[in-house]
Amino acid sequence: MRIGKNQKLLFIGDSITDCDRAKPEGEGLFEALGKGYVAYVDGLLQSVYPELGIRIVNKGISGNTVRDLKKRWQEDVIAQKPDWLSIMIGINDVWRQYDTPFMKEKHVCLDEYEETLRTLVIETKSLAKGIILMTPFYIEANEHDPMRRTMDQYGLVVRKIAEETGSLFVDTQSAFNKVLKFFYPAALAWDRVHPSAVGHMIIARAFLKVIGFDWEKENE
Amino acid sequence: MRIGKNQKLLFIGDSITDCDRAKPEGEGLFEALGKGYVAYVDGLLQSVYPELGIRIVNKGISGNTVRDLKKRWQEDVIAQKPDWLSIMIGINDVWRQYDTPFMKEKHVCLDEYEETLRTLVIETKSLAKGIILMTPFYIEANEHDPMRRTMDQYGLVVRKIAEETGSLFVDTQSAFNKVLKFFYPAALAWDRVHPSAVGHMIIARAFLKVIGFDWEKENE
Amino acid sequence: MRIGKNQKLLFIGDSITDCDRAKPEGEGLFEALGKGYVAYVDGLLQSVYPELGIRIVNKGISGNTVRDLKKRWQEDVIAQKPDWLSIMIGINDVWRQYDTPFMKEKHVCLDEYEETLRTLVIETKSLAKGIILMTPFYIEANEHDPMRRTMDQYGLVVRKIAEETGSLFVDTQSAFNKVLKFFYPAALAWDRVHPSAVGHMIIARAFLKVIGFDWEKENE
Amino acid sequence: MRIGKNQKLLFIGDSITDCDRAKPEGEGLFEALGKGYVAYVDGLLQSVYPELGIRIVNKGISGNTVRDLKKRWQEDVIAQKPDWLSIMIGINDVWRQYDTPFMKEKHVCLDEYEETLRTLVIETKSLAKGIILMTPFYIEANEHDPMRRTMDQYGLVVRKIAEETGSLFVDTQSAFNKVLKFFYPAALAWDRVHPSAVGHMIIARAFLKVIGFDWEKENE
Amino acid sequence: MRIGKNQKLLFIGDSITDCDRAKPEGEGLFEALGKGYVAYVDGLLQSVYPELGIRIVNKGISGNTVRDLKKRWQEDVIAQKPDWLSIMIGINDVWRQYDTPFMKEKHVCLDEYEETLRTLVIETKSLAKGIILMTPFYIEANEHDPMRRTMDQYGLVVRKIAEETGSLFVDTQSAFNKVLKFFYPAALAWDRVHPSAVGHMIIARAFLKVIGFDWEKENE
Amino acid sequence: MRIGKNQKLLFIGDSITDCDRAKPEGEGLFEALGKGYVAYVDGLLQSVYPELGIRIVNKGISGNTVRDLKKRWQEDVIAQKPDWLSIMIGINDVWRQYDTPFMKEKHVCLDEYEETLRTLVIETKSLAKGIILMTPFYIEANEHDPMRRTMDQYGLVVRKIAEETGSLFVDTQSAFNKVLKFFYPAALAWDRVHPSAVGHMIIARAFLKVIGFDWEKENE
Amino acid sequence: MRIGKNQKLLFIGDSITDCDRAKPEGEGLFEALGKGYVAYVDGLLQSVYPELGIRIVNKGISGNTVRDLKKRWQEDVIAQKPDWLSIMIGINDVWRQYDTPFMKEKHVCLDEYEETLRTLVIETKSLAKGIILMTPFYIEANEHDPMRRTMDQYGLVVRKIAEETGSLFVDTQSAFNKVLKFFYPAALAWDRVHPSAVGHMIIARAFLKVIGFDWEKENE
Amino acid sequence: MRIGKNQKLLFIGDSITDCDRAKPEGEGLFEALGKGYVAYVDGLLQSVYPELGIRIVNKGISGNTVRDLKKRWQEDVIAQKPDWLSIMIGINDVWRQYDTPFMKEKHVCLDEYEETLRTLVIETKSLAKGIILMTPFYIEANEHDPMRRTMDQYGLVVRKIAEETGSLFVDTQSAFNKVLKFFYPAALAWDRVHPSAVGHMIIARAFLKVIGFDWEKENE
């Protein structure tokens, strides 16, 4: 397990991360971590590693693109002093290109995405014990679907930056792809973006595998 | 994994099981399985075993005691023809004895609990491939606490019936106890009964261990 | 224009037809026709042919399959004595097979769909001046997508029944396909089923072309 | 068709234009264009000319007079850089004279109306490819009705300014008049101002005829 | 003053009478008489004639036609044993002919109106000390307006029945006409039917003049 | 009639005046004058004197004392430039002394009341054609009741100031007293302050008598 | 203390007793006893005599008269098998005579009140260990006030029946009178009926004094 | 009785004190004192000592710790000029250590608690006639429970400061302990913190005993 005793793990991202989390703080009582993969990761970490006392904070905000993350990076990441930082961003950067094609000022193109994300990761790297980069995803099995194809490009950028910066890398798209062999996308998400509990568990499990979580560990 | 291809797994119980599930059906779109351990079990089974096509149904109803289960057993269990049946009941049977001590007509004493639960299990046994009996629990570390002591007695009854009837047995109290070495009860549930996401994950994991779930299994 | 003076045109179908129409009556003041293609057809017919006094009634109900139409056919179609009857059904018959794959009792398979729809059309044919059969549709450009493929099969059944019974035929899928060359599906409907105003206008126009509506007609 | 590829068409006006549009932006997902004639124009343009990629923005605000437009012209028109601008204003300028006769500070008299509207059109003319001026209207068949008579005067001003400035001209009152030969006003609008779907379609069609929309055009 | 000590005066009618009255009883505390002319009549009678102890009951129901009154006459009029009965009905009988012209089953034509109203008045005449018949009205100054013309015909029927049966007669249309010389209809009612406080006071005053109310009477 | 053509009559006061009026403007469409005596005065003036075009504005605010009026006098009275000003204040000045006896900072004693009211009247006198001073009232028949006795003292102050300043004087308490011979206070107001429609009509009639209103005047 | 170990004490009455209690049961968690004197009696009994385990049930219903109690006596009193029964009724029996003087069918006159209450007490006497009769009250200091005078008559009837039947007697009016020497009624209840927390405590204390409650008793 | 004529008693604290009080003022009509022990103290003081005219103010705010009190001390205590000041604080200071163990910035440790509370008491002592210090409490019978043990330490600090400063001391924990011999904690508070009416009465009685309240005192 890479995350150590009394360390703080902060998640930042868009609506997939947000999932009705408490605001502004993003931790505490009463479902403050939201109802999505962040809460599931917390649930699994605390129940398997209660002795570690890992502090989890959710700073996702619905609708965010990497451009929005940049604006609130100082306050919502740097000032929080996380030991570990997990970033999943890019879905809205891509989606807006497809669902509101005329509002081009809302589109974050691949270049801007790459440059912004790289800058954020590099500037934060030395401040944390580790960064986990998660790809954005699209719950669509057809690789030739235009939006899936674009999403895959953004995912490749994430992989590249992870490699460049020595960050941990979570391939959420790949995790979904394995399940999509058996389920039609609509069974996981009518809009192919906001997943059901099953979809959030797929993300949580992909994340946990990368950080070395051990399901079988016994609490003594 | 004990649950096989295309089998139906039905959960029945009280508010811990219910957790805002859809009614009357208890399965389908839009968080129909609720927001608790049933949804987590579903999330983990579908994401790890998508090829099995396991159908999960939630028939929990808040406030129920075993006396209430008996009344709706024909409609909500027998008529549903589950392959697997999971029962977690008893918290309200005990709690009412402690939080409304004067309303004795609402208390389900140990004898009635044991007799009713045994009858239900026996009458259902031959209709299903398997029954999973989960103990009721109380998120209190002190074994000498009066309500915890009573809850443990009800849990022992569950264990006894499981043994008698060859049912699978999930000791949720024991699962909580391990975590309570590190967390004060209020961190999991202000009222020591309705748990946070962490508490529901503890239940889900205890359940999954008993049915042979393999977290490490690869989707291909 | 096929629809004549003082004739009644009744629409029946699912949520695409329903679109928040008034219930139970489905006509009258205050958006009683709903906010979808039925209201648009009404708007265009009344503004171009005010002298005809065409009465339009909306009997769509969200979530309906052809099995549901059958149950309410006597009351909602026969007893209404329409001169013209428009039917668009099948989306839920197909969708449930993909979004809730385990609830097989909710799936209406192709055979049942064909047989039920044919029976309804035949039994109503002699009672009305004309029947318009509209295909169900799926706002997905990829013909090899599994759900689109299934939807196309249901659409073919509609075409076949239209031909057998001399009904007018509206190919809504084809109408959408032409627009999907330029728009990604998410621009018309995040869930690929419930369209925006643009999608409803596509349906309305496809319908109106078939009944001989003349946009250029001058009101004198 | 006068509106060309990738051009932006902005509508400004009062509640007839507004119709519950999203604010402040007035375009985007989820009925952002409102539920009135602007959404209908968008629906018809996108479904017939999907290849043109016309961007439509709705900047109507309920209750506005030309005096209100003037105040927000810089922000809501000039700064939006529309290629085409459609203006329909004047109903409240007139209505307040009749429904709240004592609140004279809310009345916009004919002179102020003419001068303000002319100034706005002239100052915007060179910035856009074209301006469409729509008359205000009153859904009253009797030309001698005092408020209808006043509205007709305001409509004449619109016609005059259109001629002076080479703007396209949409005579909505005339479009309504043709339909009012067959419908009593209350069938279109209890208050003779806020029309039903039929009334909005009358406006949309009058608009589309003027900009050269071709209903019969085939999507290939 | 025609209404004597301790007598009961019952009003029946449509939304103009109803005006949010309490249901089912139509009298008592907390604005039980509604917010319209019935409450004004009560207010003026009780403040000028407190010594008479006149009991007022409101049995108006929104949307009613004379056909609806007939259905509830036994329960809402006969069984209430009023000393005085005031009837104002007919607006919806006429309005539906104009605002929903296609739903002919909702129209109450002049013949049915006359016959039904006459029957109700005759059958009630001997049971009460007096009946007051109020015309329906339409807040439109133009006598040649089609709906106003029709309303006037219904008003003439009311006058005829009043004369035949020796009932008191209140010409509400005439009362409105005098005010409409100075106010445009929209100042009293956007829809020309549901009046403002001014309109309800016009009705109340017309009613009170007919029953011999004396504004100048001194309370001692 | 003292109020002349096209004059503006402004009412200021507390909750009796306010009665859910529109804010901030206090005139216009949709019950903007509230539901109390101001609306009744408006209703009677407009229906009897429609040719005068009297503009009525309601600036009452619930809970106000004369101390509150002083704070908003410039904005809500002077700046409104009324021709006629009606003031009814003092109920809360007195009531707080009785219902919250310990919160002395909320009590407006007789001296402060007199001095403040006199100052306001004198400073406004020359700006308007006339001022109408209405006494505060308490719907209690027993003159020896402590709060009634205090209210009567405040009423005497109003009478004194009216005489000193040549203002019109409306004795609302006296108007209520006459009716209280026949009705127990609870029939007009459970709390003896916020009256029913009957109570508001008593106030309106007392006001109208003082300004020379003629109920019998014929509209021609 | 008259109430013994494990005995049940049931309160029946009108809104003063009801005070938002849970329905239908009137005991249990979450303010099930309401927010009035019944909850205060429970609070004081349980905190001073926790060892007695007294069960308290609230069966008050807002608006009830003794006529209403009679209708539900079998279900809400007899069938509940209380050891002790407390009755406080009569306020609405009197109040309706004063606040809705014309609705005579809602008035319960003194004779009917006396006869009904006596019958209920006598028929219940032998079933319970004791009955407590509380007078109705009116928070008005003036004994000559008409409604206070009537309420006192009803109170005398309660005293008489208590004496005849050997019931305990609580003079709530007298308890209020002592406090009314120092507080004006409006400080306890704007409507002189529904008291503030202070008023409910006055009732609770009067009740407790009669049943022998000892505030000074030490919990050991 | 220590509190004298016309003196002001101010309560400050957390949610136990707050209990939905009015804000910002914390006194006045309509349950302004909240629904907890402050309202009960007020109810008992006013009903037994109405002649004293004691003014009670509630300045509790939910969730407060002593750190929060410090921030608002000037405005909510000093500026209010109370004669008597009651402080009950510390529950949240302790609870956060147990229910959100990772958010250490929200924990107020014993040292900070003691120092802050002492400073506040000392700085206020000379300004008031007396200070009442109430311990925080935890409704848990087991003295060895970790959170109960911590709460007891905080309670000891309160006792110490009371002794040092000559303040009155109310041992709420001890008052609860006596009742907890007979009731399980869940009967008083599911979360062991926010008590039912019984729990608030326990606090109120403990408070009143300390200030010399005499339940048996006769009102004359």
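List of remarks:
Letters A, B, C, D, E, F, G and H name the chains as they come in the text, with residue numbers starting at 1 for each one.
In the analysis below, a contact is a pair of C-beta atoms (placed from the backbone, for glycine too) under 8 Å apart; a residue touches a chain by one contact, two chains touch by 3 or more.
The UniProt protein names, listed by chain, are A, B, C, D, E, F, G, H = Lysophospholipase L1-like esterase.
Every value quoted in this text rests on a predicted model; they were computed, and no experiment measured them.
The fewest steps needed to get from chain A to chain E, moving only between touching chains, is 2.
With contact taken as defined at the outset, chain B and chain C are each touched by A. Most remote chain with respect to chain A, judged by CA-atom centres, is E. When the contact pairs of B-C are set against those of A-B, D-F or G-H, over half line up by residue number only for D-F. Inter-chain centre distance (chain B to chain F, centres taken as mean C-alpha positions): 67 Å.
Chain A and chain H have CA centres that are 45 Å apart. Chain D and chain E have Cα centroids lying 41 Å from one another.
Taking each chain's centre as the average of its CA atoms, chain C and chain F sit 62 Å apart.
Touching of two or more other chains is recorded for residues 29, 53, 99-101, 183, 190 of chain H. The chain pairs satisfying the stated touch condition come to A-B, A-C, A-D, A-H, B-C, B-G, B-H, C-D, C-E, D-E, D-F, E-F, E-G, F-G, F-H, G-H. Residue ranges of chain H in contact with chain F, taken from their complex: 8, 27-29, 53-55. By the touch criterion given at the top, residues 29, 31, 33, 35, 39-40, 42-44, 46-48, 50-51, 53, 178-179, 181-183, 190, 196-198, 200-202, 205, 215-216, 219-220 of chain H touch chain G in their complex. Those residues of chain F that touch chain H in the shared complex are 99-103. By the touch criterion stated above, chain F contacts chain G in their complex at residues 95, 98-101, 142, 144-147, 183-184, 186-187, 190-191, 193.
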